[in-house]
C-alpha cells in the first residue's frame, strides 16, 4: 500500500501543474512547425523536445544533476556551444560573393539597423504596464534582428540568460518566417523597375584572397572590437580551415561532426530554458513582437541603403539584394532571388544576394560585440 | 644508484598484487570473447581493455587525475553516457514492427517479469553466508534481466555504483549468450506444432504514425512514470530525429558520431570499475548467477504470455516470438527466427519477432523507471 | 560621450601592447608555414590561430571564462587530448613492418638517444646567462627529440606546462623540417655503397600476430614501465580496435571523429599558451636550438646503430633506415626512401623504413614514461 | 537501520507485484493508444512511391540503373568502402 | 539604482547612434581592405585548371569518364548515399 | 633548494644512462617476444585470399570487376570524394 502510494506520488499526473502542461504544448507546437512546415528544423525540433523534457514533473532533467542541466552549464553558460556552431558556420560559408564585390559589406552593415532600432523599441515597451526590460535585456532582445541564431544565443547567454529561451525561439522562428516577413517590405519600398535591375556578373576571386580574408577580418576585429573576437574569431577559424586547402580533415570535422553534435545539445539545452515561469508571461509577448519589428526594420534599412548606393554606384545595384543583409543565410538570399524572378523571369539575383547575406553574418557578430562592450 | 632504485620502484613488477594480475586476466578473457567469439565486441572489448588499464599498478589511470577517472566522473556518474547511447539506439530503431501490431507491446511487458523475479532472488541470496545485497543492489542486479546494456549501466550508476562493473559485464555477456540461453527454454515451453504457427504478414505503417509514436511515448511517460523520462526521453528523441525526415544530419550524428565515440568511453570507464576488490568476491558470483536466472525467467515469461495471447487472439501468434520480448535487439529476434525455421523451413518470424523485441527495449526502460521511483 | 569613451577603451588599439603584436605575428608566421609550406598544417594552423586569438587584448579568450581557457583546462591540463590523439594514432598505425622484422625495434630504441643527449644539453645551457632550466624543464625539452607531437605535449603538460607552447611549436616545426634536417646527417654518416644496400622483402604477418601485438606491448608496459601506461595504453587500444576486425565502427571513430575534433581543440589550446611573456624570451631560443640538436643526434644514433647491426646481421641492413627511428611518421620513412632512391634508383626502402618508424613512436612513448618516472 | 531478511523479502515481493502491474499498465495504455494512432493515421496508398520519387528528385536524375551498371555500382561501393576503411596515416 | 525611463531611452538612443556608427565603420574599413586585397591578390588566369589537375593527380589516373560511365557513377553515388543514410542497427 | 650546476649535470648524465638502458631493455624484450609471437602465430598460407573472399562475402556478390568497370569505379569514387569534400551550406 505504502509502495502504491509512493508510486502514485511519483506519477506525473499527481504532480501536474498547468504551467508545465502549457509548456509541453509549446514544445509540441515547435516540433510541429519544425517537421510539418520545416521551420528551421535542425534547431526548433531539439528546442521543442527540450522544452517538453524540461517540463516533465519530477523528472528533473533541467535541474542540478539532470542531463539538460549539465548540457546547459557546460555548453551555454560558458558560451562554448554557440562558438562551436560559429566555427562550423565559418567552415560552411563561402565568402566569394562578397569578396568579388566588397561594397556589399555596406548592405550587411545597413541591415543591422534593425538591431539598434529594436533596442529603443524594447526600452520604450517599459511604458506598457507589466513589461519591464533592463538595458541588458533590451540589447539581448534586439539582437534577434541580426537574424542569426548562434549570435543571439551567445549574446543572450552572456547578458540576459533569463530570456534565453524566448529569444532563441523568436530568433529561429522569424528566420523560418523570412519568406513571409520580407517580401511585403521589399515590394513596398521598391518600384517594379528597380526590382528588374540586372546586376553585372561577379568576377572570380583568387584562392589567396579567400585565404587572407578570414585573417584580415580577425586582425580588424582585434584592433577595433575585441569583444566581438570570440564570435568573429571562431567564424574566421572555420573559414580558414575551409579555404586553406591543407586541413580538409579539420574543415570537414567542423562542418559535420562538431556542428551536428553541438546542434543537438544546443537545441536541447535552449529548449530546457522554456519553463512556464520564464516563458508564459507578458515579456515573451513583447519579445515576439519586437523580434518581428526588428526583421521588418532590418529588411527596410537594407533595401533603402541599396537604393541609396544605386544612386551613386557606377554599376547598377538591384535594391532587393539589400534585404539579404539581415543574414538568415541562405533563406533571405533565396527570397531575394524569387522576388527578382517575379519582376523579371531572366533576373537571377541569388549570387548577388549572397554577398550582403554573408556580410550580414559578420555585421550581426560585430553588432553583438558592440552591445557586449557597451551594455554589459 | 638512487635513480636505478627509483626506476625499479616504478616498475609494475615491484608493485604487483595478485588481485591486479587476476583482473588483467579477466580483462584479457573479455577481450578474447569479444574478438574470437564476437561477444558484444563493441562493448566488451573496451570494457576488457579498461579493466587491464585500471589494474596496471602505479599508472593510476582509474584514480583521481587519471584518464579513466575523468571519463567515469563525466560520463557515468552523471548518467550522461548511457543516455547518449539511448539517443543513438532510438535513432537506429525502427518501431514499424510493433506499430503494425501493437499487441506485441504486451509481450515486451511480460518479458520484464525476469527483472522483478530476479529482484526477489537477489534478496533471497542474503541467506547465503557472505552474500549481502541491499534492496538498491538487488534492483540494480535485477535489471540485467532487461537484456539492455545502457539501461543496466544507467540504473546501476544511479542506485548501486559499487556493482556497476560486474553488472555491466554480466548484462553484456548474457546478451551475447542469448543464442545459447534462450533456445532450450523456448523448446521446453512450446510444442513443435506451436513453433510451426505461421503469422499474418504485417501491414505497412504510415510515416505520420511513426513520427507521432515517439511523442506519444514521451507524453505517456511524462504522465505515468516521470522517473523513466531520462531514458525513455532520449530514446524517443533519437527516434523522432530518425522518423521526422527533416533532420537527417542530426539523426546520422546520433547513430554514428555520438554513439561510436560514447561507446569507446563508456566501455573504458565501465571496465575501469573492475578492480580486484570490487569484482573478485562472492557477490560477483551471485550477480552472474542471478543474471542467467533473469534471462531464463524473462524468456519463459515472454513465451508463456505469447501462448496465452494465442488462445484469445483472432490472428495466430507463434509463442516463440514472446522470447524476443527480453529485447537484446536484434539478437533474440534472430534466435526466434532460427527456431521458427527449425520447426518449419518456410516460417520466417524475424519481422514478427522484431515487434516484441523493440517493445522490450521500452519495457525495460519502464521497469528501470519503476525501480528508480520505488527503490532509491 | 561617455559611451564613445567606453567604446574607445574597448578597442584593441587602446589596449595594445607590443608583446601581443609580436605574438600575433608569430601566430601569422605559423599559419603561413602551415598553409604555404605545408608544415604539419593539421597542428600548426590551429596553433597559430590560437596564438592570435589568445593575444587579442581584452578579448580574454585564454583567461578564466574564455573558450581557450576552458579547452586548455579540460583537455591539456588533464592530459586527455594528447591521449585521445594517441588513440587515433594507434588506430591509424599498421605495425606489420616491424612485426615482420622485429630487429627494427632496436633502431627505434637507438634513435631515442637524441632525447637523452638533449637532456644533458638543456642542463648544460644553464651556463648561458639568462637561460635557466630545471631538470623537469630539461626533460620536457628533451622529448622534442622523440619527434612525436602528442608525446611532447603530454609530457610537457605534466612536468613543465609553462614551456608547453614553445615545446609544441618546436616539436611540430622540426617534424615538418625532417626532409631538411635529416638528409645531410644521413649522407655524412654513410658511404654511397652502404646507401645502395638492398634489403630482403618483408614476410607477411598473420592477423593473429597483429591482434596479439598491442596486448603484448600493453602487458610489457604494465610490468616494466607503468608510468608509460597512459600513452602506450591508448596507442595499444587504438591499434587493437583497428586490428581486431570486430569493432570497425569504433576504429573509424578513433581515426576520424575523435582525432579530427581533438586536433582542432588541442591546437587552439596549445596556441593559447603562446603569450608574449612565455614565448618571447631567451628560453624559447634555447628550446628551438636544443630541438634541432635533438633531431640531429637522434638521426645520427639511428643511422650508427643500423651500421652496427649491419655488421652482425645475417640479412643486409641499409643504414639509412636507422634515421626513420626518430619516428615523425611517415615523413622520415619517406626521406629514407628518397635517399635510398638517390643512391640506387631501384632501391625502394619505404616499407623497410616503416619498421623503425613505427618502433620510434613506441620508443619515444617509453622514453616519456622513463622521464615521468625519474624526473617528476 | 539494517532491515530484517523477511521485511526485505516482503518489500521485494511488493515491488514485484507493483512493478509488473505498472509495466503492464504502461504498455497496455501504449497498445491502446498506438492502435488508435494507426487507425487515425492510416497508410496512404502511394506513400512508398512518393518517398522513392522524392529521393530521386533530390539526388539524381539518372533513372533506374540497368543490370550492368548495378554490377559496376556494387563493386564501386565495395571498393570505396574498402578504401575508406583501410586507414592511412596522413 | 533603477534608472528612470527617460534616462534609459537616452542611453538606448546613444547606443543606437554609436552602434550603427561602429558597425558602419567596421564594415567600411573591411570594404576598403578587401578591395585592396582583391587587387593585390588577383585571380590567376589558370587557377581553375590548376586546381582540377592537382586533384586528378592525387586521386585518380583514370582520365575523364565518358557519358555511360557518368551515368553509372551518378547512380553509384546515389545508391551509396542511400545505403549510407538508411540506418541499420548492427 | 636550488641544485648546483654540477649536481644537475650528474643527475642528467645518470638519467641518460639509465634512460637509454631502459629504452633498450624495453624494446629488446619486445623484439624477443615479437619474434616468438610471429613464430607461434605464423602467416596461414591462404590468409590473403581468405581476407579478400570474406570481404566479398559480406559486401558484394558481384565478382571481380573488369577493366572498364574498374575505370568507372575509380572515377565514381573520385567524384564521390570530391562531392563529399566540397562543403555546401544546407
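As written, the chains take the letters A, B, C, D, E and F, and residue 1 is the first residue of each chain.
Simple rule for what comes next: a residue touches a chain if its C-beta (ideal position, glycine included) is under 8 Å from a C-beta of that chain, and two chains touch if they have at least 3 such contacts.
Which protein is which chain? UniProt says A, B, C = Oxaloacetate decarboxylase beta chain; D, E, F = Oxaloacetate decarboxylase gamma chain.
Just so it is clear, the structure is predicted and the values come from calculations on it, not from any experiment.
A rotation of 120 degrees, rounded to a multiple of 5, brings the CA atoms of subunit E into register with those of subunit F. Between the chain pairs C-E and C-F, more C-beta pairs are in contact across C-F.
Greatest Cα centroid separation from subunit B: this falls to E. Note: the chain lying farthest from subunit D is C, by mean C-alpha position. Subunit A and subunit E have CA centres that are 17 Å apart. Our note on geometry: subunit A versus subunit D, Cα centroid distance of 33 Å, whole angstroms.
For the pair subunit A and subunit C, the distance between mean C-alpha positions equals 41 Å.
In subunit F, the residues that reach two or more other chains under the touch definition are 11, 15, 18, 22, 72-73, 76-77, 80. Residues of subunit A found to touch two or more other chains are 3, 7, 224-225, 249, 252, 257, 370, 374. On the side of subunit C, the complex with subunit B involves touching residues 78-80, 83, 87, 211, 215, 218-219, 221-227, 229-230, 233-234, 237, 240-241, 244-247, 249-250, 252-254, 257-258, 370, 373-374.
Residues 3, 6-7, 10-13, 15-16, 24, 28, 31, 34-35, 38, 41-42, 45-46, 49, 52-53, 56-59, 61, 65-67, 70, 256-257, 260-261, 263-264, 268 of subunit B are the ones that touch subunit C when the two sit in their complex.
For subunit A in complex with subunit D, the residues that touch the partner chain are 3-4, 7, 249. Looking at the complex, you find that subunit D touches subunit A at residues 11, 14-15, 18, 22, 90.
Interface of subunit F with subunit C (complex): residues 3, 5, 8-9, 11-13, 15-16, 18-20, 22-35, 37-38, 41-44, 47-48, 51.
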